[in-house]
Structures are given as C-alpha cells and as structure tokens.
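In what comes next, chain A is part of two complexes: it sits with chain B in the first one and with chain C in the second one.
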Partner chain A sequence: MFLSVGVRFEANVEALNMVETAGNYSKHRRVPYLVEEDGKLKTVYVPALSGESLAHAYQEHLVREALGLGLSVCDDCRRNEFYKSMNKVHLKKKVNPIPDDPRDIEIAIVRSCVVEDVGGFLYAEKPPVRRSSAFQVSYALPVKSVALFATSEPQLHARHAQMDTSSKKGNASEQMIYYVETGTALYGFTFNLDLDAIGVSAITSEPILDENELKIRREAAMRALFRMLSSAQFGAKLSRFFPVGGITEVAVAVTEHPFVVTSPIYDDYIARTERRLKVLEGLGENYLFTVATGEKVPEEALKEAVDYLREQGAF
Partner chain B sequence: MSEYEGIVKMLRFFVQMKNFGYVDRIGNALNPEPVEVTLHEALRAFRSVRESAPVDESGRRYVEKDGKKIPVPGIPTEEEIRTFLDDVRSDIGVAKRVATLALAYPSKKESGGDE
Partner chain C sequence: MVPLTFFLKVTMRPTGIVALRALPQSKMRTALRYVPPTTLIGAIAYPLHHLSGNRAETVYDRKTFKSTADGVKNLFEWVTVKTIGKPRLYGALLKINTVYRGKAQSAVTSFPSAVMYGSGDFTITAVYLVNEEKLSKGPYTMKDLERAAWGITRLGSRESVVSVENVETGKAEISEASSAETSYAFPFKGFEVQGRGTLQSVVDWRSGIGDYSSAKRIVMFYPEGTVSVRGKLSVTTVGGETLVLAP
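Let's look at the complex of A and B:
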C-alpha cells in the first residue's frame, strides 16, 4: 500500500528553517520560485522549509512511536542523531563483527532499528550498502496563487546582560541586538509513505521481518505522521517562534501502488488528484481519497486513512 | 574586471570562510534576478560580519576561522554595485566571471580592510 498526503498550512511569523547566522543576523531559508504575473513568468524568492527539516521531524516522531509500541530503535536514533549506520563506528554498535555480505549488513541494520528501516541509510564503507527511504517529503513552499504575498522579514530582538564596571571587558555591551528573519506564508508540501517497503530488503525484495513485526512497524510509521501533523512539531525555533496559524487543508490518498497526490501548491490540487485517481480506478486499482478542507479537521482525514489501511490488512 | 574588485573581494572573503552559497548562486545564475537577490543577501551578511569583526594592531578588521585570521575587506561602493547590476542586466556572463574570479587565488596578497 502507498500513502500520499498533500498538506497546506498557514504559518505567520515563523522561523522554522534557519540557514545561517552572519554576525547578528540569522537568515530564513529562501528559494527561487517561478510565478506568473500579468501573463509573464518571473522569479521571486520566497521563504521555504527544506524536506530535510521535515524528514528529521518525522523521524523524531517515529522514534517515539516505535518505542511506544515496543519496537527496536538503535542508540543513535534514540537520541535523534540520525547517523544511519554511516560508517564502521556506528554499525559496530548494531553488529560486531561486521558481515562481509551487503545483504547481511542490511538485515542486521533493519532488524535493529525501525528508523533506518523506514528512513533508509547509507553505509559508506566496503562493501557500501544503501537503502532508500520508504518515506519521501518535499520542500514546503508557498502556495502558487498567493506566493507573491509571502514575506520574509527580520524581527529585532535584544539580549541583556547585567554588568558593573568590574565585570565589563573592553567594548562589551550590556545590550546586544540581533535579528531573526521570519517567514509568513501559506505553505504546501507533499509526504509519501511506501508501506510495502518497510521491513523488506532493498537488495533482494524479500521480507526481512515476520508479518506481525511488519504490521507493527507500518503502524508506527503512520502514527508518526499523524503525530507530526497533529502536533505541528516540525521545524526549528518553536520555543519562541511557534508559527501562528495551523493546518488549513489535508488531502490523503491510499493506493495499492505508488501514486502521489497533485502538489498542494496548486489551487486545484484536490480536483486534479480526484480525476487522476478516477483514471486509476478504471484500470482496476482500489483507493481511498479523503480530504479535510472545511468541516472536517485534518485528524479526521488521517484517521480515515488509518482505518482504511487496517481494513486492507496493512496493519 | 577590475571595476568589480570590491565585489570580488567580498565574495572571496565568503569563500575563505567556507561559505560558498553566495558565489555559487551568483556564478550559476541564469538570469539577473538571482544575482540581485544574492548580492543583497551577501551585502547584508557581510555588513553584519564586518561590523562585529575585531580590529588588529594595524587597524585592519579580521575574523578567525579554524585558527587562521582572515582579513575582512572593505564594503563595495554604491557605484561599483550599480555598475555591476547594470552590466549583469545586459550580460549575465558578467556574474559568472566575477564569481569565477572570487574562487581563484588573488594575484597579489590582499590587505585587510580600508581602515
């Protein structure tokens, strides 16, 4: 089964993805964006969140959900440090001595860590072993029709230190000003989860785990997505820049084989996704498509998808 | 290219700081907009770094990176920026040449800033 989710969320004055600090100025991530204005295409720079940032948040939730279900998570991932068995030092914590056969290395890693099973890894030694992530996530970008209203603006803050003349050194100031660049936009991103890839070897395409373990891992992967969206715990600087707004729309498609919802950056993404699914239906593929736009809240749409997956025997 | 020396020196400073973002974006730009936006961002960052950089005995600003003192050059002049942006508008290849020069070793040892 393949799950694809289109998410739209409104975020005002957010600092979810900061890229660098230069002096007293910390910058928000920005990307070039093609928009149409008066029949002409133009490039504008808009605030954005990287897929890496969203993927990190998802994997943090996956750690919690996996541990809650009694599944195995390696020590590095438990600390939310996703080294992913990148070298001998990290792999030896899972399997020692390290096997020579790539298949045995993959089996050892997948068995001992749900995050590396779902999120993939790259063991960059001899022999190299690579496993693609079972989940995919796009950058979060402003919705096309309102991208020109997106802003990134620096906010001035001050930090104070109480200093008397004896503790003051050189030109040290008692008040330091700094700028945090904040973004405001209606964002859209896509999240895909290939449930059939969980617990299955990327080398031989054979299941590595028994059916019961596979089902619990799939459930953990779904729960992590549910929790990430429901709690809005993704991105940086939440402690003082928790975005004002929330999820405005969610569109969830569950299909037998890979299918990706039309990107939510387009206004007609729900209608287009439905039309595309109808074509698939004509080819004999069953699916579930549910959206939360007005009356329905995002959690209800996600719950429908969870129930459907359970009915289909995914977990 | 000597008319853009201030911009080249500024970009070279970022390269020495192992911050290749600005020089790459200017060098890889396919149209003038990314060059303008990147130059604005680079100047903003450069001012922040420069104004908080310490001054050595000879009055030159520097920043320390990996134990090495990297001199902070002066801020490019308004006239130079205007000429560069106008030239980029008529020929995007100017941006690539400036970025390429910034990645090269300077032909003579650069002094610190303008102080």
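Let's look at the complex of A and C:
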C-alpha cells in the first residue's frame, strides 16, 4: 500500500528553517520564485522549508512512536542523531564483527532500528549497502497563487547582560542585538509513504521480519506522520517562534501502488488528484481519497486513512 | 515496412524542487538543470518493480554493484524529456554543525537543486519509446508500464517529488528526416540547431545504470521552447509532437 498526503498550513512569524548566520543575523531558508515579465525572468525570494528539515522531524516522531510500541531503535537514532550506520564506527554498535555479505549487513541494521528501516541508510564502506527511504517529502513552499504575499522579515531582539560599572570594559555592551528572519506564508508540501517497503530487504525483496512485526512497524510509521501533523512539531526554533496558524487542508490518497497527490502548492490540487485517481480505478485499482477542508479537521481525514489501511490488512 | 513502437508520454508537475546530482548518490555540489535519461529510467523502474513486489534496489554481482533500474533499461528504445519553464539552479549556503566522534564540527556547504517554482506552470513531460520485443519476453505488460507511469513519484533524489498529471499511450512511427522542429531533448551530435537551449553532458543510459564511475557520456541538447534541427535525423511523432532520436 502507498500513502500520499498533500498538506497546506498557515504559518505566521515562523523561524522553522534557518540557514546561514552572518554576524548577528540568522537567515530563513528561501527559494527563488520565478516570475516572467515581458519575456524576462524576475526572481522573488520566498521563505521555504526544506524536505530535509521535514524528514528530520518525521524521523524524530518515528523514534518516539516506535519506542512507545516497544520496537527497536538504535542508540544513535534514539538521540535523534540520524547517522544511519554511515560507517564502520556506527555500524559496529549494531553488529560486531561486521559481516562481509551486504545482505547480512542490511538484515542487522533493519532488525535493530526502525528509523533506518523506514528512513533508509547508506553504509559507505566496502561493500556499500544502501536502502532508500520508504518515505519521501517535498520542500514546503508558499502556495503559488499567494506566494508573492509571502514575506521574510527580520525581527530585532536584544539579549541583556548584567554588569556593574566596575566591570564595564571598553567595548563590552550591556545589550546584544540580533536579528531573526521570520517567514509568513501559506505553505504546501507533499509527503509519501511506501508501506510495502517497510521491513523488506532492498537487496533480496524478502521480508526481514515476521508479519506481526511488519504490521506494527507500518503502524508506527503512520502514527509518526499523524503525530507530526497533529502536533505541528516540525521545523526549528519552536520554543520561541512557534508559528501562529496551523494546518488548513490535507488531502490523503491511499493506493495499492505508488501514486502522488498533486502538490498543494497548486490551487486545483484536490480536483486534479481526484480525476487522476479515477484513471487508476479504470486500470482496476482500489483506492481511498479523503480531504479535510473547512468542516472536517485534518485528524479526521488521517484517521480515515488509518482505518482504511487496517481494513486492507496493512496493520 | 515502417517500424512502429509503443510509446508512453508522461506529463508531470514538480513540487517545486528537483534535485539532480551530477554524480548520482553523491552530495557533490553540482546539480543538473534538466532531467537526464538515467533519472527517467530510474523514476519508472521504482513503480514498475512495485507492481511485481520486487523491492531490490542494488544488484550485487561479485565486485560490481548495479542499480536494479539497469534491468529495466532494455525495455526502452529511447527516452527523452521536455521541460516547460526555465529552471534555475539554486542552493542556499548552509552551516552544518555536527557532533562527531565526540567533537563538535562546523562546516559551510550548499546542495543546489533545480528550482521549478514560479508564477508560470512548470511541467516536465517524459517520453518512453518501448521495445516491444523485450517487453514481450519479460514479466511486464504494456498495462503494467502504463500503471507504472502513473506511479512515478520522484525525479532524482531527496525532495524531488513529482505528481503525474497525464499519461498518453499509443504507437509511434520512426522515420528518417533532414529537418525537424522539437521541444524534446536530443543527442547533440552532428546536427545543426537553430534556437535556444542548454547543452548538458549526461550518462548514456544504454551503457548501464548504477555504476557511473566509468560510464559513457553523451551530450544532450535541452531546448528552451522549440528549436529546429537539421541533419541526418531519425525522428518520430508522439501525440502530435516530434522527437529527434539518437542517430
């Protein structure tokens, strides 16, 4: 089974994805938005969140959900340090001595860590062993029709130091000013999850775990997504820049084989996705499509997807 | 007799970013602006394998490792792509702080991607010409290929999620010509071209997919809009559009 979710969320004054710092200025991630004017390309920079940032958040939720269900997560991933068995030093914590056969390496990693099973890994030694992530995330970008209204604005902040007159030196200051660039936009992103990839070898196609454990891991992967969206715990600086706003729309498609909802950055994404799913039906495939706009809340739509997956025997 | 071949024409919408590493699976700083043929094959290989329950990504044959997309490449006579909208390569500078082996390290890096995001609608249309003989000898049917086309999820790595908006199938006729007008990428070899576009050196997918250290490369011309090509051409028409094939 394959799940694809389009998410629209409103975020005002957020610092969810910061990139470089220049002096006392920390900059929000931005991407060029291309506008054609009289045959010439003009570029406007709009705030954005990388897929990498969303993927990190998803995996943090996966750690918690997996541990909550009594599943194994390796020590690195437990600390939310996703090294993913990248070399001998990290792999040795899971299996020692390290086997020669790539198949045995993959089995050892998948058995000992749900995050690397679902999120993939690349063991960059000899022999190299790679496993693609079972989930995919796009960038979160401002919805196209209102992208030009998106802003990234620096906010001035001051940090105070307490000092008495005797300790005051020439250039030490009592106030340290700094700027945090914040974004405001209606964002859209796409999240896909290939449930059939979980617990199955990317070398032999054979299941690495028993059916029962496969089902619990698939459920953990779904719960992590549910939790991430429902709690709005993704991105950085949430302690002081928790964005004002929230999820405004979700569109969830569950199909037998890969299928991606049209990106919610386009205004017609729900209607287009529906029409495209009709074509799949014509090819003899069952699916579930549910959207939460207006009345229905995102959790209700996600729960429908969970119930459908359970009905279909995914977990 | 005029050779006829099945085609798949797949129209995709990007989610804004397409990350195409010049060296696949590397974090190297260069990125490609346009989709190379190897990526098109890899993109359809994944949903195609999904249909048969094949999860294998890497084939280990003694000391060589190949992508399983390699096993699918023979199903295609030719693959090419049309891009509407001019992508822009962009990568913000990133400061990465890591704690590694007990030490805190800091580095500045950048992972550029092709940004396909703007007021205009960017679309990527891939065309796959199917080798019917190879298809008939394998486990897949034309219907499987069509379903796989609808199941393309990503072009390239990481956040390059796309949605397939339309799939057209039919029969294409391959013929000789001395001139053609095309919007699709073609091998730039001994042709005279009029119009704007970008030359990009890409891996010749026909020589193998997965191990690129010594792979043969070809130069492809990616037109911006439509260009006219002159020379000794092999051409075909797919849903009313002309493609220039490899000589």
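A few remarks follow.
By our rule, the second predicted complex is superposed on the first by the 304 of 315 C-alpha atoms of A that agree within 3 Å, B and C clash if a C-alpha of one lies under 4 Å from a C-alpha of the other, contacts with A are read in each partner's own complex, and residues count from 1 in each chain.
Simple rule for what comes next: contacts are C-beta pairs under 8 Å (C-beta built on N, C-alpha and C of every residue); 3 or more make two chains touch, one makes a residue touch a chain.
All values reported here derive from a predicted model rather than from experimental measurement.
The larger set of touched chain A residues comes from C, when the choice is between chain B and chain C. By the touch criterion defined above, A:Tyr33 lies against chain C but remains apart from chain B after alignment on the C-alpha atoms of chain A. Looking at the shared chain after the overlay, A:Phe226 reaches neither chain B nor chain C. In the superposition on chain A, A:Lys144 contacts chain C only, with no contact to chain B. Of the two partner chains placed around the shared chain by superposition, chain B is the only one that A:Tyr25 touches, whereas chain C remains out of contact. Once chain A of one complex is fitted onto chain A of the other, the partner contacts of A:Leu41 are limited to chain C, with no touch recorded for chain B.
Looking at chain A, you'll find residues 20, 27, 32, 43 touch chain B in one structure and chain C in the other. Residues 20, 22-25, 27, 32, 42-45 of chain A are the ones touching chain B in the complex. Those residues of chain C whose C-beta lies close enough to touch chain A in the complex are 13-17, 25, 46-47, 50-51, 53-58, 60, 65, 85-86, 88, 90, 92-95, 99, 101, 108, 115, 117-120, 143, 146-147, 150-154, 158-165, 167. Taken together, the chain B residues at the contact with chain A in this complex read 19, 21, 31, 33-34, 37, 41, 44-52.
Residues of chain A touching chain C in their complex: 2, 4, 19-21, 27, 29-36, 41, 43, 50-52, 81, 89, 102, 122, 127-132, 136-139, 141, 144, 147-148, 189-190, 192, 194, 196-197, 200-205, 257-263, 265-266, 272-273, 276, 279-280, 283, 285.
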